[in-house]
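Here it is, the structure, as structure tokens.
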Amino acid sequence: MSDVIAILISASFWVALVRIASPLIFATLGELICERAGVLNLGIEGIMVAGAFAGWIAVYAGLGLWAGVGVALLTGMAFGALHGVLTVLFGLSQHVVGLGITLLATASSYYTYRLVLPNVSSPPRITAFPVVPIPILSDIPLLGPALFAQTPLTYLAYALAIATALILARSPLGLAVRAAGENPAAVEAQGLSVAAIRIGAVMVGSGLMALGGAFLTMSAFNSFFFEMVNGRGWICIALVVFGAWKPGKAVAGAFLFAGFDALQIRLQQTGLGTMVPYQLFLMLPYVLSILALVVMSRRAEVPAALMQPYRKGERR
Amino acid sequence: MEDNTTPALRVEGISKRFGANLANDAISFEIAQGEVVALLGENGAGKTTLMNILFGHYTAEEGRIEVFGVPLPPGRPAAALAAGLGMVHQHFTLADNLSVLDNLMLGTESLWRPVSARRQAAARLRKLAQDFGLSADPDAKVGTLSVGERQRVEILKALYRDARILILDEPTAVLTPQEAEALFATLRRAVALGLSVIFISHKLHEVMAVADRVLVLRHGRLVGETPIAGTDPARLAAMMVGAEVVPPLVAASTEGQVLMRLSGVATQGQRPDLRDVDLDLVAGRITGIAGVSGNGQAALAALIGGLARPVAGEVSLQDQPLTDWSPRAAIKAGIARIPADRHREGTVADFSLTENAVLELYRSPGFSRRGWMNWPAARRFARQVIARYDIRGPGEGAAVRLLSGGNMQKLILGRLLERDPCIILADQPVRGLDIGAVTFVQNRLLDARGRGAAVLLISEDLEEVMALSDVIHVICDGRLSPAFPRGSKTVAELGLWMAGQGFSHAA
Amino acid sequence: FGLPLRAQSGPIRVAGIYTVPVEQQWVSRIHLAALAAQEAGEIEYSYSENVSNTDYPRVMREYAEGGADLILGEIFGVEQEAREVAADYPDTAFLMGSSFLPDGSLGNFGVFDNYIQDASYLSGIVAGAMTESGNIGMVGGFPIPEVNRLMHAFMAGVREMRPDATFQVSFIGSWFDPPRAKETAIAMIDNGADILYAERFGVSDAAAERGILAIGNVIDTQADYPDTVVASALWHFEPTLAAAIEKVKAGSFTSENYGIYSMMQYGGATLAPFGSFEGRIPQAALDLIAEREAAIRDGSFVVEVNDSEPTAG
Amino acid sequence: MRLEPVANPGIMRRILPPMLALVATVLLGAALARLAGADPLAVFGLIVKGAAGSRFALLETLNRATPLIFTGLAVAVAFRARLWNIGAEAQFFAGGLLAVLIGLNLGPLLPSAVLWPAMALGAMAAGAVLLLGPALLKLRFGVDEVVTTLLLNFVMLLFVSMLLEGPLRDPMGMGWPRSPALPPEARLPRILPGLRLHWGFALAVAAAILIWIIDRKTTLGYEMRAVGLNETAARHAGMPVRRVVLLTAVLSGGLAALGGFSEVAGVRGSLTLDLSPGFGYTGIIVAMLALLNPLGVIFSALFVAAIFVGADSMSRAAQVPTYIADILLAFALLAMVLALLTTRYRLRRA
């Protein structure tokens, strides 16, 4: 127990927490936007891989870091467009299309990698985003360095989280997205195009997922490895539910999850860590997520039209 | 460019095909400004389809539409809204989890505005509410509203967008008479302000009350048109159906034993719950339950259908006290239901007619044995129901979602009557049905009574209850009035009971 | 007994089947050796990477059917099935990374493993000499024998210089999650480690970022981290491959354990040159390394092989 | 634009779109091969040859389809009842685990005729339990099963990993995280000696037929579909909704787990962490491709296996990076679901 407390009061734990949470925030927001519009995007895992690869290879090829971020965003949006056209316009199963896109995005990233770099023994490295402490704010004890001594992409994640929350709650666009996820017929009856809103949401959401991937190769690390996304996308799907489809809660969930992760990494070094199999630590975040779902499930409001295709002109 | 002689709406040669089904066949008509036109037709005649074309949900294969003299681009609800069309859909197009104001504002502002102007919108809503006598709490979630309140929100949606032509597709199907009356008052105000109204309803007395002119559709074609002055419900019914419609004739019947008895029953979980309810269901008798919707009808139906159990009091079936009570047990006991919501509770839309026909019967010996379905028997049964109940549709193998509401109701009726139930629970049995179908359903209920079944008729339509019932109870806030034999109370007297007067210890 | 494989001249056809991408440290040593042999005109080389163990036997068969003379790979997850395949293709030589010993009845099936614990031990001596806190962090993928034995040898080397050294050990449950490996390494640094054993990609990055030192494993990454990676225990697959090629060409490929070619005596393992750290390593350590290396080469010193999962302490 | 159902699709409409999907897949394969500097014209032949060009290739395709039939059935059964089971991967592992535990402990004691059923039933029980959890949480607390089943995949994998590095580790396995090998009597024999195809394939086909019969001919199948399509109506009609959902979970989890049993006892012979290269997830695709039809699952599993095996083999023959196989598989799947849609719908103005 004292081990846990010692970890919790160490500044480095909190810094790690925010660092681990950052890619999750991007991708969770992305998934949340898709689901609020009524589309479950199981392409998330693959789109993160594609974003991680595209951003990194662009920088490796000579573009600037921010241009690389742009490339990742566009790559994600392209896969989002494919997902949107298939699931929204044609109303195909969101499960199949999502998993298919995960496979497609992952495999085509790997394939391109191999074509571009046929004979390397370790992937080339780029100069990743450096840590840029924000003056004054980063001097706040404990939380300062954690929140404000990070790379610019983490700050971008904060900004996007706030923007997403505000747009969804306050703007006409956010209302349209929410309504598309609640009752597409209502959207159409008010003269808006359900297809345009849903496809747009899936594209933007997928773009954010790709940024989550790009964070891994351009901020958390500096090169691209196969399988480096390592299930983070699936976690984000759980985080959206955990956050009851609310951006604020979902981001809080990302921090919580990252907190468990940062904690378990450190617990492995403690007396507890030598007695308990390391797999139990790795399980911790997943099991706690399930428990959290049980505790809060009753209040969660699922978008009513989630996973329901809407085809214009079809009898309902 | 527009003056008072330009028709508000001109429809020319609209045709629409669904597969082989010609839903609209070269329909042409005009509507003047400030005019209320009623659109009549049997279930499946093509009324909703036509309105959906007007509003841009569907695109017609042929024909053109002009609004105030300006051609309306097809297939774009946004264009229809901009041209001044407002539509109250047959199935509400509201997002339950959003607030009233959100539903209203959706799509009314540029999507690229950073922040919605909610304050102005709320003010505008208040003003509209005043002008048209429609009150609505802007912050209430639509899902928490009653059906009548939702209806108001739908109308407010159209008015909020400055609709000049209001399309109302069966707005009263789910309203209580009081709510319907309030709606008509609103419509009159709207017309006084110069709006035109297209009004679809199967209730001919309503049509007589609000419309200036009537258009009649049959099998997708416009078959008649008449000013309201100089016509009457019987003539309208004949125009719709193409033949004289004879209202149900209530013959005398012989009553038998008490089949089900509720004494001092209370329930828990529904709102409002039943309180201290005494009720006898007697063989050969139609027992009517009159009352404003939301006064415990749902709890009563759930109790009798086996979905709820009494928490106090006693229920007995043929003098045997109830022990184990569930939908299964109710079905076994010979109770058959016409549920209030046929789409949600009565049928499985994606199942075939065959599969729906045996939905409640599949466990009975004829249709399955030791867990094995007897599909040939089920198919035979479905064909028999289709033939006997005149269910028009693509056949027993087709999905039920393709049926019109009336035909769906006939299927439900057929499947329950064919098993010769001893008790029939008919919850809003004619909701949304055309006059022909209404007569058909009511006649079948009377037949069942004649054969010795006990019928419990729950309806918000007082006229219907009074016409069919041998005894009437009024339900109010979960309590049941004493039984009033046929003819013993006037409409006005029952109305007082419905408002809560007369109950012994009123809360 | 060896099956009578046909002797042949000219380049032989070699196929590599790897369950991970060829960037993975371990596999990259095989892959690079094969590429070099191809460059030298000794073999014609093709390969499949990222082959799941479900598909592994099928791919083996495909290459065998396609006429490969020698098939290289790693069968840690499919020992039994791989042997069954080999039995079906007696004219093809199989040389597979395996923890098991060769099966005498399968004359065309040899095994190897990266027995580089000698070099790991020597790299441990360097680490023991360079650490100030005596606190050393080790980040591994999974606690498999190939990883465990090198960690133990490394720890033994460290203790030669610092008997009081403590070790932090973590397994991240993945071969490919550099961000996670890096995160774990950072946690160890925060916990007092001043030198890291970089079993996974990502660890050296943490060390570089925090300005501490790292010891490499299997591959030499000093060029990428000139101020970080002090020493590395290198694995060289070339001697193993050369022996196999020669035997295939001579028609004398037999069921034997090629693992020995990974040992220091055969040039299969070396301590990487100190490079940028030349001259910064204490003489005492250099002396001990020289002494022990000589002893290892002449067989008078044997580094203990311990395949059990290392624990912190 | 809108999609209008086609009442009676003609033979051309049924056959042409899937053919076009395949052609598009091959064209993409050719283009990608070209990018890698290989001969694009050879691609088609090489894929066909790799998937079905020899007895060996054909059997490998069947072999790879076997676990997919199980997981595909598991998903089809669950999805039919609108139980969104994304956890077939975990159930597959649970099945493999139980099969190995039973096979190892009872193997020396029992004859195969008793041992196999014991292993299969044990596996099914484990898979069932694993899905019963999420199903109960859904019924009791309304917890979204997409998420719980998804998360359980990770938990299960870590749990298996823990066992394989702990109590279940093979003492003869040189420390590798692998269970001891099953005794020979616990192994499913090959259908024909010398070939990799084992009786698990026959079991899979039998399971598909059985599920089809349950679905079409029994009251349970009827109830499962009714609950899936309209739970409220099913409840009103007196169907035991709770029991149906739980039975669906048992059936679905059991089927996925049976796949784990088949793979362990028929192919691998022991339990490892890499027992499945994502069979559980691919099962979802297989099931949807079959439009959730149990018999269709057999064919869609074969299709998925053939595309993968064929494209994978092509990548070697044409010297193209291996990853092309997954690209072509993913593309073929998306193209095929779209093609299947156009066999039933035509595009018209709204």
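A few remarks follow.
By letter and in written order, the chains are A, B, C and D; residue numbering begins at 1 in each of them.
Everything below uses one rule, namely that a residue touches a chain if its C-beta (ideal position, glycine included) is under 8 Å from a C-beta of that chain, and two chains touch if they have at least 3 such contacts.
As the structure is a computational prediction, the values presented were derived from the model and not from experiment.
Counting hops only between chains that touch, subunit B reaches subunit C in a minimum of 2. Here the CA centre of subunit C is 36 Å from the CA centre of subunit D. Chain centres here are Cα means. That of subunit A falls 45 Å from that of subunit B. Residue positions of subunit A touching 2 or more other chains, listed in rising order: 110, 279, 282, 312-313. Touching two or more other chains at once are residues 158, 161, 165, 321, 323, 350 of subunit D.
Shared interface positions of subunit B, i.e. residues touching 2 or more other chains, are given as 57-59. Pairwise chain contacts in this structure: A-B, A-C, A-D, B-D, C-D. Against subunit B, the residues of subunit D that register as touching in their complex are 4-5, 7, 216-222, 225-226, 229-230, 232-240, 349-350.
Subunit C makes touch with subunit A in their complex at residues 20-23, 25, 28, 31-32, 35, 50, 168-171, 173-180, 182-184, 186-188, 190-191, 201-202, 205, 219, 221, 224, 311-313. Residues 55, 57-59, 76-82, 87, 89, 91, 93-98, 102-103, 105-116, 157, 401-402 of subunit B touch subunit A in their complex. Across the complex, subunit D meets subunit C through its residues 50, 54, 56, 60, 63-64, 158, 161, 165, 173-178, 181, 194, 196, 263, 267-270, 272-277, 309, 312-313, 315-317, 319, 321-323. The touching residues of subunit C, when paired with subunit D in their complex, are 19, 46, 48-55, 57-59, 61-63, 65-66, 76-78, 80-81, 88, 99-100, 142-145, 148, 173, 307-309.
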